[in-house]
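Accompanying notes for the structure given below.
The chains carry the letters A, B, C and D, assigned in the order they are written, with residues numbered from 1 in each.
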Amino acid sequence: MTAEASDMLAPPTAPAVRGEGIKVVYRRRTAVDVPSIEVAAGKTYALLGASGAGKSTLLRVLGLLERPAEGRVFIDGVEASGKDLATRRTIAAVFQKPYLLRATVGANVGYGLKLRRVPKREREQRLSDALARVGLAGWEGRSALTLSGGEAQRVALARALVLRPRILLLDEPLSYMDPLLKRSLTLEFAEILKSERVTALYVTHDRDEAAVVADRIGIMRDGRLVSEGDPETVLTLPTDEWVASFLDAEAPAEGLVATSGEGVMTLACGDAMIIAVGDLPLGSRVLVGVPSEDVLLFEHGVQIPRTSARNQLDGVVSEVAPAGAAMRITVAVGDLRLASTVSRSSAADLRLAPGSLVTLLFKATAVRVRPRDTIAPIV
Amino acid sequence: MKVYYIAIAEAWRLLTSGDALVMPVIGMSLTVSGSAVAMAALIGIPLGYMLGLSRFGGRAALMVLVNTSMGFPPVVVGLFVYLALTRWGPLGFLDMLFTPRAMVVAQVFLATPLVIGVTASAVASVARDLRLQLRALGASRLQEGLAIILEARRGVMASVIAGFGAIISEVGAVSIVGGGIEGKTEVMTTAIVANVGRGDFGIAMAWAFILIGIALMINVALTTVQNLGSAYDR
Amino acid sequence: MTAEASDMLAPPTAPAVRGEGIKVVYRRRTAVDVPSIEVAAGKTYALLGASGAGKSTLLRVLGLLERPAEGRVFIDGVEASGKDLATRRTIAAVFQKPYLLRATVGANVGYGLKLRRVPKREREQRLSDALARVGLAGWEGRSALTLSGGEAQRVALARALVLRPRILLLDEPLSYMDPLLKRSLTLEFAEILKSERVTALYVTHDRDEAAVVADRIGIMRDGRLVSEGDPETVLTLPTDEWVASFLDAEAPAEGLVATSGEGVMTLACGDAMIIAVGDLPLGSRVLVGVPSEDVLLFEHGVQIPRTSARNQLDGVVSEVAPAGAAMRITVAVGDLRLASTVSRSSAADLRLAPGSLVTLLFKATAVRVRPRDTIAPIV
Amino acid sequence: MKVYYIAIAEAWRLLTSGDALVMPVIGMSLTVSGSAVAMAALIGIPLGYMLGLSRFGGRAALMVLVNTSMGFPPVVVGLFVYLALTRWGPLGFLDMLFTPRAMVVAQVFLATPLVIGVTASAVASVARDLRLQLRALGASRLQEGLAIILEARRGVMASVIAGFGAIISEVGAVSIVGGGIEGKTEVMTTAIVANVGRGDFGIAMAWAFILIGIALMINVALTTVQNLGSAYDR
């Protein structure tokens, strides 16, 4: 807690990892083209995207495991390359497959230390610490062959943590797991990353996984970063139709700042006027989105009790689709489309169907806004 | 079938009595093929590693060359070695023709492509992911190379075993360069051919027994090596 | 529409697929042990579970592709086996991998018809119909090698549909796809299954996929059916801790029916009294759950406007965890645990953290109830 | 190196002039090995299918037998066939020893295990998933079997090509049962051995050229077959 407090007071330092003008070309196809990316020290940066988007390639480049066709990588502000073994040894990685040696858990976790010629006594101490941190205290003597998939991946994490890396790369570490195991390990990994205060670059194609582990998220498509920022904004305010579809979120609406003052703005989105917090200049073009969890639906014409929610709009249901155990209701308010997540029984109670008239209610603080034509949101 | 029984009984008698005609030939076979496979391993394993590991230009062409050499008819190899060692040949001054050393040379040429080819494919098949994992664990170039050699050891062992199996049962090349001189350059295969010609089926069958035994052992050894498994799991 | 109406009036018929006492044993391990399972004609039944739960094995047994160690399979009320080619040919399947021939799309889709010696003219007609139904009209002449993963799997579906099967088996048909593609194909497949009115058995490990496609869901664990019913109840009211954890839902609370009358019950769950609809006998032991989307959170002590929500409870926040772009707040009301999904900004507004006092509000109709010790819910 | 140039020039002259000494031997080689591989295919492909497809008891034992036979020294096979065909042997009444037919018999024994083994492993490696998919498309047992044969055709072709390559360059078995009688049972390999002994290196080199050409063609054919790909994609 004190460490955290002092960290918040500390002046901004060089990012632990920085990439500049990174380009990777495979067989004349540009696999990665990222002008600039930074991972803040002690934070977890999640690279999110479909397979083939270049996430893993970018991870390998930033982790000095692969040389890019163009561009430079800086570790703690100093330009670095894979030839520099000492710098490379400040970076550890966990991949999709654990690739454990056919030996004991202890031999596996100690392998990297052995490569570094760490004396046996110190090795054993660090090894048992690392195992304890992943919840496998005392497993040194077990055979790695007898482990389940989740245990094996925890051993792989311990094998990386034992090296006390400045930077930890995680390349889809949980993508081979069952949903059940994946969810619990995601929480566990997130907790370990936070408590270790290690700088982490975490590649995944799973939005929910990224949301749990990340302090910052970048979305990649066709080798480019198409959206970047804190998890909430990135996940709820897609930068374009493709990102919206990838995130299974409503596409953002375009709007203009119609009034602005005292931290409150009115945004004109087609016919609809939406009240939001913020103070962008009058006339700015913006992207506007409202998380579907924040939108309440009422029968049209019903008396709505007085509330602090500043936005109250009438609309027509355009789509009713299942979303997990709940239902996702898309409502058209003029040209603007907003979604609301409701339970199946509420959807039935309200007799929601395409064409139903409904009233939407949401708070000004729930409205997400970012200027158009930038991928980074205002935080 | 009586002819078989007689030959087999005679073979058994010769082998169990440690016959002075039969035993030296077995020793010569094992010495010649053993030396040849050892030299083939010394030459072929490093070359196989280089071929399997690196991605230099012309690598594909070299692999084709190695594959073709693996399928080269032994009699042709015998002919080329003979011409090299003949009195007017480039290595004629060594005066090696019709000696066990000449047979070793021919068998080295037969076994080396096999060792190179199998080693190279074993090394190349070590998963790229595994190499990435090793590098990510902080392995230096040398440590990475050693780990890959360790990982490919099954293929390397298999290449040497298969090479030995191929040359010990070969007859064309050794008969050309060795001449099959009784008591001097006779190995089991040439001796079988010669003794069948003479009608000495019992003696021929004795060597056949040994060759069959070696073929079985090689089969078992290859199966065992293949089941050894990778050092890395999953 | 008329077909649908007549269907609703028709008397109940034999289920299209019925399994009785199915047991499958692999190497002395019981892979499947299901005393009874039925798939209603024209409906989609989703088998949901982790890998290794026996879902695919059960699918193969019910689809006459594998003989069980014990048990009988009935197709349209008649006992059947894989030896009966005519019955087997009323069943078609789509697997994880499409396994397309290196030939044209047309040759692939027509392959099953060729096996059935359907004349060429009819084959071509049915083939182009089937391709149209999966949205690939006119693709007959294309090479199957040039297809993307999603297109290939749609061809595989067309190859099954063209056989006009009575019963369609789908074994994780979308599990190799990207999340993005998977979501759109799930919706597409669900629509096609509905419009074809085919009886479908759909195996998946993805809860959301099952929720979209299924009319009925069965959850498998270690070869057994541990929960079965309509999607909403199965997904929101887990039968035990394991199912709750697998579904990422709150574990259900146990309760007793304290009062019951006029379709409304009061349920005693520890200290808390919950009002629910239903008319189970007084004193019945029940499992109780409330979908997290239906639970509204308010600051403790705030004046709550008059509402139709009958349940208003005070509780203490026990856990705040990210769930996709939103947050999942777990609240303890005495021994009872309820969850609420709120947006990240709401969570911040309400300053929700473990230990916060909050008031929960939800409708009686939102409360899910099922008698204890049965896996099938009351519908 | 002069000795090589002289031999190669002489070989080229003999081949281009269609020499009456060189050409018949090439024809004999192709006829004997061609007939042998055809018979090996007729016997080996059905057996290989059965072995690869079914899961009967004793299948594992049979596979070991086939694998061991594949590694059997050719001279030993020659010896066994010789004893069978010799005047006192069980098939002596056929009076086939030292005829081309005897060489065909020996080569059938050499090629058949290869054809069986490669065919069986090709059939067995047809994915179980694919068979399930075929059944799910409504294939009858017969249709399923035919589709699997079609799917395994690469392996079957490879087995026949490899079998031909093995027997055409083999010398031990054919020299034992054929006797290498000039103008009657001489094939390229035995003729090379005989002519090297006589010092006729040009003639030996001519046959070596042809054998090298065949080895190259077989290498190309095997590579082509392996790149044919599966009928099923993904």
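Basically, contacts are C-beta pairs under 8 Å (C-beta built on N, C-alpha and C of every residue); 3 or more make two chains touch, one makes a residue touch a chain.
Not measured: the values here are computed from a predicted model.
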Per mean C-alpha coordinates, the chain lying farthest from subunit C is B
Distance between the CA centroids of subunit A and subunit D (whole Å) is 61
With chain centres defined as C-alpha means, what is the inter-centre distance between subunit A and subunit C in Å? 28
Whole-Å separation of chain centres (CA-atom averages), subunit C against subunit D: 57
Specify, in ascending order, the residues of subunit B that touch 2 or more different other chains. none
Edges wherever two chains touch, nodes for the chains themselves; is that graph a line, a ring, a star, complete, or other here? ring
Tell me, which pairs of chains are in touch? A-B, A-C, B-D, C-D
Flag every residue of subunit A that touches subunit C in the complex, lowest number first. 50-51, 178-181, 183-184, 187, 205-208, 211-212, 231-232, 235-236, 245-249, 291, 293-294, 305-307, 321-326, 341-346, 349, 363, 365-366
Subunit D residues touching subunit B in their complex are 1-4, 7, 64, 67-68, 71-76, 78-80, 82-83, 86, 88-90, 165, 168-172, 175-176, 188-189, 192-193, 196-197, 201, 204-205, 208, 211-212, 215-216, 218-219
Parts of subunit A lying in touch with subunit B, wherever the complex brings them together: 60, 63, 65, 82, 85, 88-89, 91-93, 95, 97-102, 111-112, 115-116, 144-145, 152, 159-160, 163, 169
Give every residue of subunit D touching subunit C within the complex, in rising order. 129-130, 132-133, 135-140, 143, 229-234
